[in-house]
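These notes open a run of structures that come right after.
Here come two complexes built around chain A, the first alongside chain B, the second alongside chain C.
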Partner chain A sequence: MLIQFVIFFQSELFDPTKVLEFAGHLHESGDYAAALQEYSRYRFLSDTVETDVQTKIIDCMIRLKRFDDALIRARVTGDPAYWQGIVLYHAARFDSASAFLVRSNADHEPQSRKFIGLSYAGQFDFKKMSDYLEYSRPPPKLKKPWLGGLLSIIPGAGHAYADRLGDGFFSFLTVALLGVVSYHYYQTDEDLKFGIAVSATALFYAGNIYGGVNAARNYNYYRNSEYRDNILDVYNEFDY
Partner chain B sequence: MALLAAFLIAVRPPLPTSPVKIVLGAAVSVYQKTLSSLQGGACNFSPSCSHFGNEAIAKYGAPSGTLMAADRLMRCNPWAPYYLGRYYHGIRNNRIYDPIDNNYIFGPIKEYDDTREIP
Partner chain C sequence: MSLSFLLSLSISASLADSLFNSGFYEPARIEYAREFYFYPELRDRRAKRLNYALCLHHEGNALSYFELQRFTIDFTPLNKDEIKILANKYIDLGDSYRAQELLSATEEYRLLAYTHILQHQWTKARHILRQNDDSVLTDIIDRYLELKPKNANTAMFFSAFCPGLGETYAGDPKTGIKAFLVNTGSVLLLYNAINKKKYVDAGLIFNFLFQRFYFGSIFNAKRLVLEHNENLESKYISEFAEQIHFKH
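For the complex of A and B:
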C-alpha cells in the first residue's frame, strides 16, 4: 500500500505536464527562482521543449537579473536576435539592445519596435523614441546645468532655478553669513580670522556654484526618469 | 623580519596621493572622531557628510571633492527630507541615500536599489 502510494506520488512529481503546470503557477505568483527550477526540471523530463517554455525561462532569468544566463539561453531560441535584444534591454545595455532588435524576425516586428522605442526611452532620447512608440504626453522641460551654475553667482539662485528653494535659501544663508563674518574680521583688522573666514566663504561660494550645476543636472535626471516611468506604465516591459 | 615587513606592507591602507588630500583627510578624520560623535548622528544623508567628503576627495581629487563636500554640507539642511521622492529616491540605513558618484557633475547619474542596507 505504502509502495503504491509512493509510486503514485513519484509519477505525479515526474509527470512533465504537472511540472509545467506547477512552474506556470509559480511564475504567475511571482516566485521566479522556484519557477525557473521547475521549468528546468520540465526541460529535463520532457522530450520536446516548446518555445513558450524557453521564453518563460528567459523571462525568469531576466526578472532574477541573471542576464548572462539569459543571453546564453536567448541564443538558442527561434529568434535569437529578438531575445538577445530583450535581455540586453533589461540589462540596461540599450545601444546593444537596439542593434539586436532591428535584426529580429518579421513576426516579432511590432514588439521589436516597442523595445527599440523603450531602449531610446531608457537613454532619455524621447525624440527618437517617438519614431517607435506613440505617447501623447510631451517630454519634460529640462533645465540647463550651465545656466544653473551661472545663476549661482547669486548664492542659492541656481538651486532655486532647479526647483530646490530650500537648498537655495540655505546656500544663500551659508554664503551670506560667512561673508558677513569675513567682513567683520576685515573691519576689526583680525588678519588670521579674516583669512580663515574668507577662505571658508570662497569655498562655500564655489560649492554653491557647483551645487547649482548639480541641482539642474539632478532635476533633468529625475524628470526624465519620471517621464520614462510613465511610458513604462503604458508599455509593459515584461510583455514580450 | 622580512616576512613581517612584507605582511605590514601588504595590509597597510592605501596612502593618500597628495599632501592636500592628507591634510583634508586628516581634518575630516579628526572631526569624525571628536565633534561628529558629540552631534549624535544628526546628518540627513547616507553616507554622512563627513564620509561623503572624505570619499569624494579620495575618489575625485581635492578640487572636485572639496566642492562636492561643500555642496553636500549646504544640501544637508532641514528641507532635505522634503526632496525625498523628488531628487533623492532611496533610503539606506534610515537616511536619505545620496551616493557620491551621482553628485560628480562630469559623470552619469545611476539608479540604485533602494532597499539594500549597508552594514
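For the complex of A and C:
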C-alpha cells in the first residue's frame, strides 16, 4: 500500500518526460555523471527517443573523459563522421578528428569547419587554422630552438634569448666557474684534478646548450598555448 | 485518508530516504536532487536537506562543505542532534573552528575539547574536561602535557655547536652519527687544503662539501624535532579520538 503511494506520488521517477527534464537540469548544473545516468534511464523508459538525447549523452561522456564510450555512441548518430570527429577532437587526437570532420554532413558544415580549425589550433598550426576560423589577433612570434642552441656557445645566451635571464646568468656562472677551476689546475699541473674539473665543465657546457634549445622550445609552447586558450575563449569547444 | 496525509506519507517514505537509510549515498543524492527539483518546497525540510548534505559528504563531493554551511544558515537554530552531526562533519572536513563555534553552546563538551586539541590548545581542552569531571580524557591530556615537546631552536644550536648532536637530541642518533662523520671528513679535507695553501681546493671543498653538510645538519635537526613533536601529538590526538569514538 505504502509503495503504491510512493510510486503514485513520485511519478517523476517513471515518467520519461520528467526524467528527461531532470536529466537536462543535471546537465545544466554540471553534474554530468548523474545526467548521463538519467539520460540512459530516459532511453530505457521512453518508446521514442528524442534525437537531442543522443548528443547530450555524447557530451556527458566527453566531459567525463569517457572517450571510448563516446566514440561507440557517436557511431550510431545521424552524422557519425561529425560526432566521431568531435569526440576525437576532445580526446586531443587532432589529425583523426580533422579526417572525420571533413566527411561530415552538409548541415553540420559550419560547425565542422570550426572544429577542423580548432584541431589545427590544438596542433599549434595557426596558419592552417586561419583557413577555417576567423581570428583577428596575430599569432605569437616564436623563438628558433636551433638559434637558442647556437647562442648557447656563449654560456647562458641561449636561455637569455628565450627570455630566461635568471637561468642564463646561473648557467654562465656555473660553466665559467668550472672553466676557471679547470684552468687553475691546468696551470698547476695537477692532472687528475684538471681531468675531473674539465669533464665537469664539458658536462655543464653540453647541458647549457641542451638547455638553450629546450628554453626556446618551452617558450614556444607557452606562447602557443596562450594563443590557443585565447582562441578557445572566442570559440567554445563545447558548442557543437 | 485525506490527500495531504497521503502526500506527506509518500514524501516521508520517499525513495531518496530509503536509499539514504540503506547506505546508498550516491543514488540517494540524485534522488534528493530530483525531489528538490520537482518539489522545491521540500528544500525547507530540514531532515531532507541534512541527508542531502551528508550524501555529498559521504561521496567526498567538494560541494558538501558548501551544502553544510547552507543548511546551518537556513535552519538556525539547530537542534542538538543536528549540531553534533554537523560538528562531526566539519571536523572531518578539517574545519575544527566552525565545529567549535557550533559546539560552544552545547553540552557536547568532549567533542568541543577535541576541537581545541585539533587546534593545539591542549590546556583549554583540559580545562573544559575538568569542568565536566571527565577524568579519563583529562588523564590523556595530562600525560601528553607532561611529555614537554622538544625545542627546535635547541636542536639547531646543538647541531651548530657539534654537527649531529641536534639530530641525536631529536631522537635520531643514526642520522646524528652520519652527520658527525661527514662533517668531520669535510673539515679534515678543508684543513688539509688550507694547510697546503691550496686555496682553490679549499674553496671547492667549502662550497660543495662543508657548508652543505654543516648547514644541512642544522636544518635536519630542526626538521627532526618538528617531526618528532608532530608524531607525538598525533599519537595522543588519535588516542583521544578513539576514546570519544570519533572516526575520520
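We adopt the following convention: the second predicted complex is superposed on the first by the 235 of 240 C-alpha atoms of A that agree within 3 Å, B and C clash if a C-alpha of one lies under 4 Å from a C-alpha of the other, contacts with A are read in each partner's own complex, and residues count from 1 in each chain.
The definition used in the following text is that a contact is a pair of C-beta atoms (placed from the backbone, for glycine too) under 8 Å apart; a residue touches a chain by one contact, two chains touch by 3 or more.
The structure presented is a predicted model; accordingly, all values stated were derived computationally and were not measured.
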Fit-or-clash call for chain B and chain C when the two complexes are aligned on chain A: fit
Chain B versus chain C as contact partner of A:Asp79, first or second or both or neither: neither
Superposed arrangement, angle subtended at the Cα centre of chain A by chain B and chain C, nearest 10 degrees: 60
Touched partner set for A:Val181, first chain B, second chain C, both or neither: second
First (chain B), second (chain C), both or neither touched by A:Asp59: neither
Contacts of A:Arg164 with chain B and chain C, given as first, second, both or neither: first
Partner, of chain C and chain B, that touches more residues belonging to chain A: B
Touched partner set for A:Phe204, first chain B, second chain C, both or neither: first
Which superposed partner A:Ala34 touches (first chain B, second chain C, both, neither): second
Contacts of A:Asn214 with chain B and chain C, given as first, second, both or neither: first
Where chain B and chain C come nearest after superposition, their Cα distance in Å: 5
Common ground on chain A, meaning residues reached by chain C in one complex and by chain B in the other: none
Interfacial residue positions of chain A with respect to chain B in the complex: 145, 164-167, 169-171, 174, 203-204, 206-208, 210-211, 213-215, 217-219, 221-222, 225
Residue ranges of chain A in contact with chain C within the complex: 2, 5-6, 8-10, 12-13, 18, 22, 25-26, 31, 34, 37-38, 181, 184-185, 193
Residue ranges of chain B in contact with chain A within the complex: 66-71, 73-75, 77-80, 82-83, 86-87, 89, 102-103, 105, 109, 111
Contacting residues of chain C [partner chain A, same complex]: 6-7, 9-11, 13-15, 29-30, 33-34, 37-38, 200-201, 204
